[in-house]
Every structure is written in C-alpha cells, then in structure tokens.
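Below are two complexes that have subunit A in common, paired first with subunit B and then with subunit C.
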Partner chain A sequence: MPSLDEPPNRVITVLGLLALVLVWVLDLGTVQPNRIVPGTGYGLFAAAGWLGAVTVSAGLCVLMALAVLPLRRRYTLLGILLTLALAALPDLLVIFTSAHLPKDSPYARTAVGAGFWSLLFLLVLMLIEVVGRLRIGRRGQLGILVVILAGWALLIRQGGLDSLSLMREFSNRPDQFLQALWAHLALALGAVAISFVLAFALVLKMMRSEAWRRPVFGVVSFLQTIPSLALFGLLIAPLSALTAAFPLLQSLGIRGIGWAPALLALIAYSLLPMVRNTFVALTEVPEAVIDAGRGMGMTERQLFLQARLPLAIPVIIEGVRITAIQAMGLTAVAALIGAGGFGTFIFQGLGQAAMDLVMLGALPTIGLAIAADVVLSTLANALQPRPAAALPQ
Partner chain B sequence: MIELKNVTRRFGQTVAVDHIDLTVETGEVCVLVGSSGCGKSTTLRMINRLLPASSGEILVDGEDVTGMDLQRLRLNMGYAIQGTGLFPHWSVARNIALVPRLLKWPKERIDARVTELLQMLEMDPASFADKYPQQLSGGQAQRVGVARALAADPNILLMDEPFGALDAITRENLQLEMLRLQRQLKKTTVFVTHDIDEALRLATRIAVMDQGRIVQHDTPENILRRPASDFVENLVGKQDRGLKLMALRPVRDLMTPHDKPRPAEPGADGLKEDDSLRLALSVMLWQDLRQVAVFDHQGNETGVLLRERLIEGGV
Partner chain C sequence: MRIWRTPVLWLAVLLALTLGMDGLEPLFRLIQPDTQSVIYQRETFLFLLGNHVLLVLISATIGTFAAVAGGIFATRPSGRDFLPLVSQIASIGQTFPPVAVLALAVPVLGFGEGPTLVALVLYGLLPVLRNTLAGLDGIDPAVTEAARGMGMSARQVLFQVEIPLAGRVILAGIRTSVTINIATAAIGSTIGARTLGDPVIAGLVNGNTAYVLQGALLIGLLALMTDSLFEALEKLWARRLAPTVSPA
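After this line comes the complex of A and B, so read on.
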C-alpha cells in the first residue's frame, strides 16, 4: 500500500538545528547597570535556568522530529506549535529579567541578546515555510499574526517586559513616541496619497498623448536614482530661498528643513513605482478587448470604467503597496532634516551609542512597513475583479 | 443594406483602401477575401466607424454613417473579431449581455436572451454561463464571441476573421453553425477572411480584394467559373476548381427523386439532401458505387443519385 505520509521537510530540520546551535552559543540577553555602560551577557542556560534551557531545546527537537517523522498532518501540527512558540517567546525574556535584574538599582536594565533575535528569526522562517506548505491564504496568515501579537501584547500589558531597555526607552518618552508615530504616518501616507493622485493624473495625460510618455518616465526614473540623503539635502536650499522670498510660506510651517522638503522628496521617490504600475496596468488591457467593446458601442468612458480600471486596480494597488513600504522606510531617513518620525530615535540613538533607542525607532518603522504590506495586499486581493480560477496562470 | 461609394482610407503614405465601391444587400453575407494587408479589416472597420474614411461615402440603409450618432450606429451592428476580445473579468453571461446592458434592457429579458443564445450555439447555459473566458477552449470562446455579437439582435453583423485562430475541425464546425444560424436569422453580414474555402462556403457574394481594391465582386459560383483575373484564378486554385464547384451544390440539385418518399430500411446508409456533390463523389469513389440513396431530415429515402448524372452535371 502506498504511504500517505508527507515527505520529510529538510528546510525546517536545518533551521531547527541552526536555532539550537545559535541559542546555545549566543547570549540570550544582557544586563546593563545603566544605559551607557556595556552590559554582561548571559547564555541560554545562565539566563533562563535549566528549566528554560530544557524547554527551549526540547521544543526545537520536537519541531525537528515533526519535520522528519513519517506523519500525515505534519504541517498542521508544526503550524500550531510554531504559532504558540512564537506567541510565548517573550516569556523567555521575562524569566531572564526576573532572575538577573538587580532589584535595588533603578537604572539597571536588560537588553535582548543575539541568541533571542536568532531564535525569533529562525522560528519565523520555519513558520513561513509551514504557511507556504499549507497554502494558507491571506486571512489565515493574518489570523496567525494576530495570535502571536496578542501573546506579546498580553505580556507587555502585564509589565513583564518593563525592565527591558527597549521598554525603558519607550516609557521614558511615551509622548514623543506617539508624536513620532503620527509624524511618521502623516509624512509617509501623505506622500503616498499625493503621489498617487499626481501619478494618476500624469498617467491619464500619458494615455491620451503619446508625446508625454517618454519625458514623464524620464523624469520620474531620474528622480528615483538620486540618493535619498542627497535629495533631502538638495531641497533645503531652494526651499529656504523660497520661504525667505515669501514669508507667508513660513507662517504655514514651510521651511528649508522640516516636513516640507521631506514630503517633497518622498513624493519624488514615490512617483516612479506609482506611475509605472498605473501606466502599465491601464494600458496592458488587450487591444482586442478594447476594440471589441468600442466596436459594440461602448463609450470611451464606459471602456475606462468597466474594462481598463477594474482590470488595472490590482496592479495599481501593487504600485501603492511598493510605494508605501518604500515611503515608510525613507521617512526614517527624513528625520535627518528635522522631519520628525521614528527616524528621530534612530539618529538620536546612533549619536548616543544607545542601541535600544535605535531599536525603538527601527522596530516600529519595520512594523509600519509590514502593516502597509499586509493591508494593501489584502486590499488588492479583495478588489481582484475575477475569481482566482479565471486568472491567467 | 450597406453601401460603400468610392471609399478610400490612407494611413500616411500608404493607401490601405483605394476607391472601392461595394453594396451588401439586406440579408446577404458578403465575404471580403484577400491576402494579408490588402485592406479587408480597414474596410470593415470603416463601416462601424472604428476608422473614419479618408474620402467617399458609407451608407447604412441609405443613411450616411458619418452623420449618425456613433453609439446608435454601433449598437445596431454585432461585431466579432479574431481572438474574441471577450472581457476577461466578466463571466460568459455578462460578456454576452454587453450590448443588451448598454441598451438598458430589463434584467429578466437579458437573462432569457443569454440562455437562448447559449442554447442556439449549443452550449449548455447551466455549465457555461458562469464560466470565465480563461476557462473556455478556443472554439467555445469564439462561440461566445458570436453570441455576444448577436445578443441585441442587430440588423448587421461585422465579423473580422472570427474563426482565424482555430484548428481546422473546430473552424469547420463553427462555419456550419454560422450557415445554420444565417438561414434562420438572415442578418446582413460582412465577413472578413483570408481562407478562400471559408469564403466559398459562407458567402452569398464574395468580394476579392487586392492592394486596397476590389478586383471581383460576385457569387461563389461565378468567382469559380469566371475569375476576373489571374490573381483571382490563383486565389481560388486553378486546378482545384471542379471540386470546389461541386462543394457549393447540394445533392438535392442532381438527384433522381422517387415518386414518393419511402421509409428507409434499418441500417441503410447513404447521403442527405443537404450534403454537397463533392461529398457524394467522394463516397461513390471510395465505396465504388454506381448510385447512392438520398435521405431527407426525417430519414425517409427521397431519391437516388446516379454516378453518370454527377459526372456529367456536377460542374
């Protein structure tokens, strides 16, 4: 009788082995007496005690076993186990801090070590592999993400991670953090929205007159090639000159540094992916389709609204997605010219050699980029005008 | 009725259509045939004004098309093209409903019409209505394209190589389907092809085009018997003409009828009245018969076809 078992999975086995090695070799966390002094590192055994060390090692071994043993539903089991492991992972840090943080020193703090990051990263890779094997759709992926994040949020709520230096940096400046969040979102999303409108108008013009195509593509491609720092810098001088000439602008908050040049630069960067995707999407509708529709009496407007646009929307949103992810990252750089946002923490942290302050800026930036990705790809799926079976493969 | 009077179309320096005159009578199938680039599509597309004519006049039922409202003109002309041009994000039913929806028919009427058309084209409505173009075979997609062109019962059909991309067997099936429909519907049709056999089979009259001009406009039989030039003669195939002529005529024309139809003996085989003389000849040669029985649609034997008669009178 042929076996119904799924073949063993090598990827997960290798990742598991790697995780096992790294988590034993690298420091799980460090304890610092204060923010500046370098801390002492603790390995897995020292940090989490024998119980923690055994749990982690045994857990990884179980994962590897599930990946190779002859099993029928290995990926379902692996998926559940990995989701739970990831949701509970920060508990390791709680155990670590409660064991090693000096109770009497108010400045003492713990920091996440390379061992923990490796474990987190490798578990995520394993989960991605499982999700791929199980062909879990967007909704399922979102569900898994929610379970994991809920686990973390619960722990943070209960204060288990308060002594983490990352949390310390946060609780020292919750107002600044919120402010940075809003500034970051406003800049990035503002740039995306404005460049979307601009790009759409440009593309409509390009569709009507061929003469516009080459110059528009030339300019937006050129803009994309300027290094971001240079573009931010380049805008300082002309904007300063402008505001010197027109004081009214100054009263609107437009200055050589700050949000105005940052927004302009972000829009400039966003134009290429936006224009390219929108143009390709709206023009790649097969000529025969347009010809048939037109020949049977559809007006240009009906053709645009009923054929070109609905067929183009997923590709257009794909352009918005790329642009949004890119803008979330670039906005961090814009902090250099005083635009605010999470970049402020990154550059402050770099200046003070406080890595956890850098993290306080970097992690939310990554989070926002991922959120933009998730939201917009879900939207693109939802607005797909035809069912999956009807898509060309 | 469609009339083209001294119509010319230029693209820059090239003259795609060169001072042509052409009249397509009501209910007639006019097939434009000719080699690639001779101006067939250009001629067709000037009729529904997808291309404006550079000069000359095009009249539909006596009215100059340039003066007509563009949408009104096109909504009354079914249009089917090579590669179908079906909307990929619409189901088969929605595609067929294109023109009725533009005409704002009530929903029940549209649904009934879609079902009727699918049945007419021998596609099961239950299994095809909700399919998407990507899920159809080439022949099925082309049928849907024809159904879409017929949907609002237009007076005129414009077809530009609708079966051009199909394999020989599917193409022949669809041609027979077209003939059947045309006998029923009698649409004024302009049909473009570069396949002379397709033209001979479908046309009431053929317009042979060469380099933007119409070199001969006549019935299939006359095109075969009296080609106007070497070009036409080569197009129809010099040596092959005898068989092509036989392919045009039904067995009914030459058979010796019985006094009254006789019920057929079970298992008897023979020809149908609608079969072509060419097929009859082939059957006789292959089975070495001096005569073949001929049956009508009910399966009654209505006469016999004699070999001598066929050889003498077939062409």
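After this line comes the complex of A and C, so read on.
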C-alpha cells in the first residue's frame, strides 16, 4: 500500500544511538597545565554542565525521533537540524573552556577530547546520509558546507576558542603556519601541474604509436609501486652526486635533500593516475562520434580539439583530482627530507611528543586533500558535456 | 609454475640484500666516506623486515575480514539501508592522507606498533571495502536469480556464486590496500614502530645517506615483491577459478 510517509531510517537511528553512548562514555575535553603534561579529562556532564549535557542528549534523541516517526519531510527537517547542530557544535568547547580553564595560570590550555571528535564524526555521517537521501546536488552540498564553516569561523573570530591548545599552537607560529601552507601548496600543485603536462605529452605520443603504450604504462606503474619513503630516500644519493658534480645546480637551490627530490618523487607518483585517466579519456571516445565528425568533413586536428578533447575533459579532471589528493598527502611525507609544508609540524610534534603540534600539521593536510577533492569534483561536474544541450530535440 | 617466477626472483633479491648487507660495506663507504658506521646496526635488517611484514600481514588480515564482512552486510536485504552511507565512507575515507591518519593515531593511542597497526587496519580497510561493494553490487541480478531458481539458499548463493564472481575485484582491492600499507608502515617508524623505515629515518636525522639507501632499497624491494605476488595471484585466480564458476 503506498504511503505518503517516507519509510523510517535505520541508519540515522543507529548512528544517533552510537553518538549518545560515546558522548557520555568518552571525555569531551581535557585541561592541561602546560604543553607537554597530559591533562585531566572531563566527561560530558562535568565538561558542559547539566544544561549542555541535556541539550546534547535531547538533540540526539530528537534526531533519532525524526528518523523513525511517520513524517512526510523527515529528511528536509533532519538536514536543517544537522546543519545547525554542526555549525553550533564548537559552542560546546566554548562552554567547557569558560567553565574549566584555570584563570590564574597562563600556560594552561584545553584540548578537544575523543567524545567531541566522535560526536562531530557521527553527526557528519548522519549529514552525509541525509544529503544522499535528499539527492542534494553540488550547489546544495557546498551551501551546507559554507553554513557550517561560517558558524565555526564566527566562533573563532569571537575568540571563544583561543585557549584551545590547537589554537595556542597556531597563535605561537602564525608566520610558520602560512609559510608551511604556501610550501605545501606550491610543492603539491607544482607536481600536479608538471605531471599533467608530461602525462599529456606522453599520451599524445602513445595515441600515435602503439609501441609506446606498454613501456609507458609499465614504467609509471612501477614508479607508483615504490613506497613514498623509499622513493624520497633513493633520490637523495643521486641528486647529491649530481649537485656535487655540477655546482651550477647547487646555486639554483637543488640539493640532495629539500624541495628538489621531493618534487621529483611527487611527479613520479602523479604520472600513473594522470597518464591512465588521460589515455582512457582520449582513446575511449565513442567511435560513432568520431565517424560523425569525419563525415562532417572535420580534419584530424578539428576532431581532436572539437570532439575528443571536450568529451574527455571530465575523465581527465578526475585523474587530476586523484593525483591532487595523493600529492597533498605525499607532500606531508616529503617534510622528512626537508621539503617544508605541514608535514614539518607533524614530524616536529612527534619528535617533541607535542600532540597539538601534530594536529596542527595533520588537520590542515586532511583539509587540503578534502579541498582538492571538492574543488576538482565540482569542476569535473560543471564541465560534463550535457547531451540535452548538445542535441536539442 | 611460470607465474611464480617473478615474485620468487624479487624475494630472492630481497632476502639476499637483507642478510648480506654487510658484504656491500665497501660500496656504501663510497657514498658515505666520512662516517664511522656505514651499515645500519641498531637492529638487524632481518628483524626489521620481519616486523614490517608482520604489521602489514596482521593489518591486511583484520582489514580484509572486516571490509568483506561489511561489504556483504551492506549488500544483503537486511543491510541495504546502510549501502549508500558505507560506500560514501569508503570513498571519502580514501581522501584522508595515510600519513595524517598515522599522525592522528598518536594523540589517541600513543607511540609504538599498536597505534601503527590501528591506523593500518583502518586505512587498509577502505580499498577492500570499496572493491567488495563494487564486486558484489556489480553482479548481474539475473545470475543470482538463476542460482536461487536452482534451489540454492541465500548462503549458498553468497559463497558459491557471489563471492567467487566478485573475488577478482576484491583481490584487486586487497592489492591496493597492501601496497598502501607497506608504504604507510615504513612511515610508521616516525611514530615508534620498528620497520624498514627505521634506517631511512635514522639516516635522515644523522645525515647518513648510506643508512637512508639501505632502508629505501629494502622497502622498495618488499613492495615490488608483494606487487608481483599479487599479480601472480590474480593470474592464478583468472586461470583456475573463473572458468569453474561461470561456464559460458
């Protein structure tokens, strides 16, 4: 029997129950007397008081209720509620900090606990589920993201999170942070750009002569198989030898360690996804399209520029997306050979057992990878040729 | 037998270098003439190789079982509700760089082999999960329908039809996962796991290129050996198992 109500959603219910348990069992936050000493943890009730505890628990119960009650617009309601909850989530930390940070000790700091991270993670999962059910398009997804990030930015602006250890680590070194950001972006995007040009040239060659295909694919997949740390390490000795032999290279800043081996290794890694996608995209254009173009009297050059390339662009951008995500992560590893970037904070933090410094490196690295994903998949989506527009019926 | 030739060859080179690194001392002396020690001595290479392989093996086993179980659950009628979310997690999760996952394991779990193992399991699970979903979901419904029509139970359909058909795709996922985990375990040296990354990190810290080279060579060989092993397994799967389950 058809019903106007949407069927109840078990996924949200399960995630909500899990969130309710974890947020009560785990520590919401910790207070540390200084940077290195481990802190004391506070559970939900101790950290946020009864008002905070009730708000969080009641909020989760409302979400679960919305997921199972017979409702016609459950997903719209859930989507709005989840977006607002995520935007306001850092308020919990503000309440926690203002209640528990000792006023008289300047080195005291608060850290985000596992309970808060679990809550954040599970709410994001619920939102992903709702966005999927509502079939919200790219623009809607970006809109939700903007609302949530605006909520967080507002709180950070107001200074409510200043005593958070992560913010402390940042405000101790804002210049270094910016420098790391630029180094990270320059290295990763530079490698993506160079490998894009290289891959395109290789693919053009492979399209013209069959003999190039196997060896090129063989070499680029071989390169991708070598683990990052090994490839970075293997490049040090030859580059040192090279610069020792040619002092001119040294004056250009090329040395055994630093950005030069990092860039080379990153390019080597980027070649496989780039070559594979570009090759598949350009060679697997439907024969009918090419025949039709030829029938219209197009030259080979016109066929390439006006038929093959536009059809291939979304798949090529998909290759760029995979490559860019991968390069953002590998650039962090490149900090081990002195290439700079956010990996510097990660490995410095690990060396000093300063966990907040580790986070200050790891979280932006993840952020950059996700940003690369969002930007490039939006671009691929926008450049998808629309059959309806091309063939008016 | 011929398909095993490449992996066995790589294995021989790997073991020869692991056990006979001391024999190459004059060579490394050329690269690093000004230091006392040119061969990494803190642990034996054999121990580091063993520990590295063990970490990857344990994480791959746990990760594969968890991912295949999750994939099966999400494609059964009782778990269908979870399919969109699970496949989203599998693809979004892979956006997270392995080194960041490794780094974030430390504040939660501390230093050492344990947190490395947890990060490897979590990260290694994703490619297997994605491929399991793709493999099981990509089976033509007519095939499972026919199997059910022959009187097979849901369990028999799963183990005798679906898993064998999806097996190659799942195996490819395990290959990706293991390749990533060999690389990530090497970086695990920075959080206190004793792996083949140790000589590389020690060499970088002390400016000893010979150490770096020894670690890097062994890691590279391990990765190549494993990759060729999986290639052989995939060929074996294609040759022996595929024809018996899908007679055309």
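Rule of thumb we're sticking to: the second predicted complex is superposed on the first by the 379 of 393 C-alpha atoms of A that agree within 3 Å, B and C clash if a C-alpha of one lies under 4 Å from a C-alpha of the other, contacts with A are read in each partner's own complex, and residues count from 1 in each chain.
The rule we apply is simple: a residue touches a chain if its C-beta (ideal position, glycine included) is under 8 Å from a C-beta of that chain, and two chains touch if they have at least 3 such contacts.
In this text the structure is predicted, and so the values were computed from the model without any measurement.
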Query raised in the report: Hey, is it subunit B or subunit C that touches more of subunit A?
Result: C
Requested in this report: Kindly classify A:343 by the partners it touches after superposition: subunit B alone (first), subunit C alone (second), both, or neither?
Outcome: second
Requested in this report: Tell me which partner A:197 touches in the superposition: subunit B (first), subunit C (second), both or neither.
Outcome: neither
Requested in this report: Have a look at where A:383 lands relative to subunit B and subunit C in the superposition and call it first, second, both or neither.
Outcome: neither
Report task. Figure out whether A:54 sits in contact with subunit B (first) or subunit C (second), or with both, or with neither. Result -> neither
Requested in this report: Once the structures are superposed on A, label A:80 by its partner contacts, choosing first (subunit B), second (subunit C), both or neither.
Outcome: neither
Query raised in the report: Which partner does A:244 reach: the first (subunit B), the second (subunit C), both, or neither?
Result: neither
Query raised in the report: Intersection of subunit A residues contacting subunit B with those contacting subunit C?
Result: none
Query - subunit A-facing residues of subunit B, complex - result: 45, 48, 50, 70-71, 73-75, 77-90, 98-99, 102, 132-135, 145, 148-149, 158
Query - subunit A residues within the subunit B interface of the complex - result: 286, 288-299, 302, 306-307, 310-311, 385-387, 389-392
Query raised in the report: Which positions of subunit A touch subunit C when the two form their complex?
Result: 9-11, 114, 125, 128-129, 132-133, 222, 225-234, 236-237, 240, 256-257, 325, 328-330, 332-333, 336-337, 343, 346-347, 349-350, 353, 355, 358-359, 361-363, 365-366, 369-370, 373
Requested in this report: Note which residues of subunit C are touching subunit A in the complex, please.
Outcome: 31, 81-82, 84-85, 88-89, 92, 95-100, 103-104, 106-108, 111, 179, 182-183, 186-187, 190-191, 197, 200-201, 203-204, 209, 212-213, 215-217, 219-220, 223-224, 227
